[in-house]
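Please go over the structures that come below.
One chain, chain A, links the two complexes that follow: it is found with chain B in the first and with chain C in the second.
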Partner chain A sequence: MFGYAGRVLRIDLTRRVTTTEPYDPEIARRFLGGRGFSAYTLYTEVPTGADPLGPDNKVIVSTGPLSGTLVPGAGKTDITTKSPETGGYASASVGGLLCAELKYAGYDAIIVEGISQSPVYLFIDDDLVELRDASHLWGKGSLTVEEQLKTELGEAFQIASVGPAAENLVSYACITHDFGRQAGRGGVGTVLGAKKLKAIAVRGSKSIPIADVETFRTLSRAMFKACMESDAAEVWQKYGTAGVVSWANEIGALPTRNFQSGFFEKCDSLSGEVMRDSIVVSDKACFACPCPCGKYSHTEKHGVFVEGPEYETTALLGANCAIADIEDVAYANYLCDELGLDTISTGNCVAFAIECFEKGIISSADTGGLELSFGDSAAIFKLIGMIAAREGIGELLASGVKHAAEVLGGKAADLAVQVKGMEMSGYESRSAPAMLLSYMTCDVGAHHNRSWAITYDLEVGRDKISADKAAKVIELQHIRPLFDVLGACRLQWVELGLSLEHYAPVLQALTGQDRSWDDLMRISERVWNLTRSYWIRETAGFGRDWDSPPPRTWKEPVATGPTKGSSVSWEDNQRLLDMYYQQRGWDENGIPTPAKLAELELTDIVG
Partner chain B sequence: MTPRLAAGSESRYRPDESEAQSARRDRRESAIGVEIIPVGLVKRKLAGRMPQELDAAGLTVRELLLQLPIKPELVAFVVVNGRLVRRDHRLSDNDVVKLVPAVGGG
Partner chain C sequence: MQLHADSARCSGCRACQLACSLHLFGENNPKKAALGIIPHFPKPGSFEVTTCTQCGECADVCPADAIHQNERGAYYINSEECTACEACVEVCPEHVIFMHPDHAAPFECDLCGDCVDVCGMRVLWIE
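Showing the complex of A and B:
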C-alpha cells in the first residue's frame, strides 16, 4: 500500500505477546488512517461497556498516510481510547517525531490491549519488538523518563511517556513526547497508566513507499515554499500560539478566574512579547515543519526548562488562575509536564477549587489547611502536586470538575466549566455563540481544536444566532479533524493560509488513489458520525442533554471586560443546537438518522 | 513586466525590485509612509477597499485599525518591523506593518 507502512503492531500486555498484522486496505478506503483508523478500531474492538481502566479498553496509536513524509507538518500522531474522564470517545493528537519514527519502523499503528502485571515499556527497533521492565522508571516524571530512556537506548529513539499522574489514575493524565509535546486531553495517559505501560520507545530505518515520487516531491516542495513565503510565518515562528494571548484578552475571550470573565486585567505580563523577551531560549519545530511554533523556555526564578507555555497553558494556568507572572505560568506548565497532567484540565480544576474555596463551598478543612486564592502561585503549585498524587483535596479534583461538583453538590455544578465531563479549553464564549456551539458538540468534550469558530463570530456578528453559524461549525468539524486523519498538522492551513487545494493531489501522488477534496471531507464526516455513534453506544440515555453548555455560559453574564454583561441564553444555545442537528442529518435528540448512517456507509458497523 | 502599484503606494515605488518582489508587493495594500501588509482573512476583507489617502505615520495601531474598513478585532497580531506590538504602539514613517488574523486559512 503506497503511503502506508502496511502493518499494525498489536501489543497484548496481559499475555505479553506482540504480533503484527496487515493494514486492512478496506479500512484505509473508508477511514484513511490516523484518527479514522483508530475510531474504527475503538468502535469495533473495544466491547460495549468496557471499563476505561480495565483490560478490555485499548489505546490506539495511529499515524496517517501523510505522517513521516515531506508534506509540511506531517508529524502528527493520533492517540485514541475510551476516556476515563468522560466515559466516551477520547482522541488526542501529538506532534513531534513519534509518527515518523513509528512509520519508519514499519508500523502505521499500535493497538495496546490488556493490562500488564508490572510496569513495562514498549521497545520497538524496526522488527525487534519487546516489552521491557520499567520498574526503574515507575514513579518518575514524564520528562525525566524521556531523558533516561534516551540515555539508555540512544538519542535516535523517539519516546512517549506518562508521569505519576497517570500511574495514580488521575482522569486527565496526558502522554508526553519530545520533551514537551502532549497528547493532552481525555485521559489517554491515564489508560496507559492503568495498563502499567510507562513508555513507548521507537526507532525505525525503513522507508515509506510512494506511488509517484516525482510528483509527490514537487507538490510537497510547493507546499513548503508556500508556507515559508506566507506573510504570517514570521509571527507564528517568533511567538507561536502565545502571540494570541493579548488579542484574546482584548476581545474578552481569555478565560479568567474560572471563566468568570474573559478579560484579565494583568494580561500584559503574560503576553507573547513579554514571554519572548523574558524566558524563551529557542524555537522548536515538529517533524517536517517549516514553522517552529514551539517555544523552549527557561525560568530563572524556578530553575527549570519547559516547552511553552503555549496559548492554552497561559490561558488556563495563567489568567484562569489569575497568575500574572509568566515565570510562574512556565513553572506550572513544567509541573504539569513532568507530573503528566493535561494543562487545560488542570488549570480548570485548580480554578474551580479556588472559586469553591472563595465562595465557601470548600474550606481549609477540606484542603488540609491550604488557603486557596486566585493569583497565589505557591498554593497553586502545591495543589497541582496534590492532584497528581491524589493527595488530600487532590483526590476530589483528580476526576475532573464534573465529578468534583457532583460530590460537592449544591451550587458547585454552576462553577464546573465542562461539557461531557471534559473541562473547557481557552476561549470564554459568552459572546461567541458559534464557538460555544463548537464546545457543546465537540466529539471529545469541551475542546476547541475540532472547530475554532470564534473568528467567524467576530466576522458575522458576536450576538447573532443563525443557521450559517451552525453550518460553519459543521464545516470546521470536518476540515480540522481531517488533518488528524491525514496525520498532519493543521497550523499550515489555519495560520499560514496554505490552500486546502494542495492536500488531495499530494495524497493522490503519495497513495496512487484518486481522491478528491470532497472524498476527504466525506471520510471526515464518516468519522464524526462514527464517534457520535460511539458516545450513543457507551452512554445510557445519550442525547442532546450531553451537548448542554456549561451552566455559567447561560446563567451568569460575563463579570468584567469588553464583553461584560454578555451571555448566550438557554433558548439561544438550544436554537443553535437545533439548527446544527438539522444540518447534520441527526434527529432532534442529536442521534444520527439511519439514512445518514447509510449515506456514510456506516450501517454495517453501527447497525 | 512593469510592477503594478498598490493604491497610494507611488512614493514607495522600487524600480530595482525583481519581478517576484514586485509581485509580492503587488499583493499588499499600502498607506503613505507606512507599508501595510494584510494577511489571510484580513487581506481578503481589505481587498480593493483600502483607503486611497491614508497616512498612517503618527497614528497608534488602534487608530489605524479604526480607519480601515474591517472589524479591528479580526486582527490578532499587529507586527511592526518584525515585532509584535500592542494597540497603543505609535507608527512611524517607513514602518512595515503586518496585520495578521488568528486564522490565516480557516
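Showing the complex of A and C:
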C-alpha cells in the first residue's frame, strides 16, 4: 500500500510476545489511519467494560499516511486508549519525530496489550523487535530516560517515555518524546505505566513507498513554499503558541485563578516576547515542519532546560495559578515533563486545590502543613511533586478535579472545571459560547484541540447563541481531527493559512487512492461518530448530561477583566446543545441515530 | 560552489534530508540523504548541520577513480564504477559521505539545491 509501511506491530506484554501483521487495506479504506485506525481498534478489540489499568485495555500508537513524508508538519503520532481519568475515549497527539521513525522501521501502528510482570521497554530496530528489561529506568524521569536511552542505543533512536507519575498511576500522566513533546491528555501515559512499559525506542531505515513520486514532489514543494511565504510565518516562528498568551488575555479568555476570570493582571510578564527575550535558546521543530513553533528554553533561575512553555502551560500553570514569572512557569513545565504529568490537567488541579484552600474547603491539616495560595510558586512546585508521588493531598488530586470534588463534597463541585472528567484547557469561555460548546462536545473531555471556535465567536458576535455556531463547531470537529487521522500537524493551516486544498491531492499522489476533500470529511465524521459510540457503550447512562459544561460557566459570571460579568446560562448552553445534536443527526440525548450510523457505514461495528 | 549551512538557525525538522533522498533516489527516506543533522539535547539544545565542502579528498583517495564532478562542479560517486571499498567515507573530513544497506555504493551531495527550497529556517544556501 503506497503511503503506508504496511504492517502493524502487536505487543503482548503478558506473554512477552511481539508479532507483526499486515495493515488491513479495508481499515485503511474506511478509517484511513492515525486516529481513525486507533478508534476502530479501540472499539473492536478492547472488550466492553475493560478496566483502563487492567490487561484488557490496549494502547494504540498510530501513524497516518502523511506521517514521515515530505509534507509540512508530517510528524504527528496519535496515541489512543480507554482513559483511566474519564473511563471513556482518550486520544492524545504527540509531535516530534516518532511517527516518522516508526514508519521507517516498517510499522504504521503499534498495539500494546496485556501487562508486563516487570518493567520493560520496547526496542525496535527495523525488523528487530525486543522487549528489554527497564528496571534500570523505572523510577526515573521521562527526560532522564530519553537521555539515557539515546546514550545507550544511539542518537538515531527516537524515544517515547513515561515518568514516575505514570508508574504511580496518576490519572493524567503523559507520554514524553523528543525532550519535550507530549501525548498529554486523558492518562495515555498512565495506561503505559500500569502496563509497566516504561519507554519505546525505535530506529528505522526503510523508505515509505510513494505512488506518484514526481507529482508528490511538485505538490509537496508548493506546500512548503506556501508556508514559507505566509505573512504569519515570521511571528509564528518567533513565538510559537506563546504568542497567543497576550491575545487571549486581551479578549478575556486567559484562565485565571481557577477560571474565576479570563484576565490576568500580570500577564505582561508571561508574554511571548518576554519569554523569547528571557529564556528561549533555540527553535525546535517537529518532523518536516518549516515553521517551528517549538521553543527550547533554559531558565537560569532554576537551572533547567525545557521545551516550552507552550500556550496551554503558560495558561494553566501560569495565569490560572497566578504565577507571573515566566521562569517559574518554565520550571513548573520542566517538573511536569520530567515527572510525566499533563501540564493542562496539573495546572487545573493545582488551581482547584488553591481555590479550595482559600475558601476553607481544605486546610493545612489536609495539605500536611503546606499553605496554598495563588501565585505562590514554591508551594505550587511542591504540590506538583506531591501529585506525581500521590503523597498527602497529592493523592486526592491525582485522580483529577471531578473525583476530588466528589470526595470533598459540598461546594467543591462548583470549583471543578471539567467536562466528562477531563480538566478544561486554556480558554475561559463564558464570553465565547461556540468555544464553550466545543468544550462540552469534545470527544475526549474538556479539550480545545478538536474545535478551536473562539475566533468564530469573536467574528460573529460573542453573545450570539445561534445555529451557525453549532455548525461551525461541527465543521471544525471534522477538519481539525482529520489531521490526527492523516498523521500531520494542523497548525500550518490554522496559523499560517496553508490552504486545505493541498491535502487531498498530495494524499492521492502519495497513496495512489482517489479521495476528494469531501471523502476525507466523511471519514472524519465516521471516526467522530465511532468515538461517540465508544462513550455510549462504556458509560452507563451516557448522553446529554455528559456534555454539560462546568457549573462555574453558568452559575458564576466572570470576576474581572474585559469580559467581567459574562456567563452562558444553562438555558443557552442547552439550546446550543440541541442545535448541535440536531445538526449532527443525533437524538435529543446526543445518541447517534441508526440512520446516521448507517449513513456513515458504522452499523456493522456499532450495531 | 558548495552547500553552506548556518547551523545556529537549524530547528531539526529534517525536511532537507527528505528532499535530498527524493532527489538522489526518488524515495522518501531521510536515511538516504547527503547532509547530516546532529542534535545536541538536552543541552545545549541545538542542531549541527554537516554539509559537503567540495574539498575533493574523496576523489583523490578513490582507488577506482569512480568519483567525478558533475555539471555543477559537485563531486559524485559513479555507483557502477565504485567498488564499495569505503575509502571515501573514511577520508571525508566532514563525514558527509553516507551509506545505506539498500545500496552498495556510498552517496554524497550533488548540489541540486532541493534542500534549500524546503528549509523554512533559511539555514542552507549554495554559493
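The criterion applied here is as follows: the second predicted complex is superposed on the first by the 607 of 607 C-alpha atoms of A that agree within 3 Å, B and C clash if a C-alpha of one lies under 4 Å from a C-alpha of the other, contacts with A are read in each partner's own complex, and residues count from 1 in each chain.
Criterion: a residue touches a chain if its C-beta (ideal position, glycine included) is under 8 Å from a C-beta of that chain, and two chains touch if they have at least 3 such contacts.
Just so we're clear, the structure is a prediction, and the values are computed from it rather than from any experiment.
Visitor: Label the relationship between chain B and chain C on chain A in the superposed model as either fit or clash.
Guide: Once chain A is superposed (C-alpha atoms), there is room for both chain B and chain C without a clash.
Visitor: First (chain B), second (chain C), both or neither: which does A:Val120 touch?
Guide: neither
Visitor: After lining up the shared chain so the two structures overlap, which partner does A:Leu476 touch, if you call chain B first and chain C second: first, second, both or neither?
Guide: A:Leu476 sits against chain B, while chain C stays out of touch.
Visitor: May I ask for the angle at the C-alpha centre of chain A between those of chain B and chain C, rounded to a multiple of 10 degrees?
Guide: After superposition on chain A, the angle is 70 degrees.
Visitor: With the two complexes superposed on chain A, say which partner A:Glu250 touches: chain B (first), chain C (second), both, or neither.
Guide: first
Visitor: Determine, under the contact definition given at the top, whether A:Glu234 touches first (chain B), second (chain C), both, or neither.
Guide: After superposition on chain A, A:Glu234 lies in contact with chain B alone.
Visitor: Return first, second, both or neither, reflecting whether A:Ile344 touches chain B, chain C, both chains, or no partner chain.
Guide: A:Ile344 sits against neither chain B nor chain C.
Visitor: After superposition on the shared chain, which partner residues are touched by A:Leu500: those of chain B (first), chain C (second), both, or neither?
Guide: Once the two structures are laid over each other on A, A:Leu500 reaches chain B alone.
Visitor: Applying the document's definition of touching, compare chain B and chain C: which contacts more of chain A?
Guide: Between chain B and chain C, the winner on chain A residue contacts is C.
Visitor: Is A:Ser207 touching anything from chain B or chain C once the two structures are fitted on A? First, second, both or neither.
Guide: Only chain C is touched by A:Ser207; chain B is not.
Visitor: Between chain B and chain C, what is the shortest CA distance in the superposition, whole Å?
Guide: 15
Visitor: Taking the contacts chain A makes with chain B in one complex and with chain C in the other, which residues are shared?
Guide: No residue sits in both footprints.
Visitor: Okay, in this complex, where on chain A does chain C touch?
Guide: Per the stated touch rule, the residues are 68-70, 72, 97, 100, 104, 143, 147, 155, 179, 204-208, 210, 213, 217, 220-221, 224-225, 227-228, 233, 237, 281-292, 294, 296, 298, 305.
Visitor: Could you pull out which chain B residues touch chain A in their complex?
Guide: 24, 37, 39-41, 71, 73-77, 79, 82-87, 98, 100-106
Visitor: State the interface residues of chain C toward chain A in the complex, per the touch definition above.
Guide: Those residues of chain C that touch chain A are 11-15, 18-19, 21-22, 25-32, 38-39, 41-47, 100-102, 117-121.
Visitor: Enumerate the contact residues on chain A facing chain B in the complex.
Guide: 229-232, 234-235, 238-239, 243-244, 246-247, 250-251, 268, 271-273, 276, 452, 454-455, 458-459, 476, 479, 493-500
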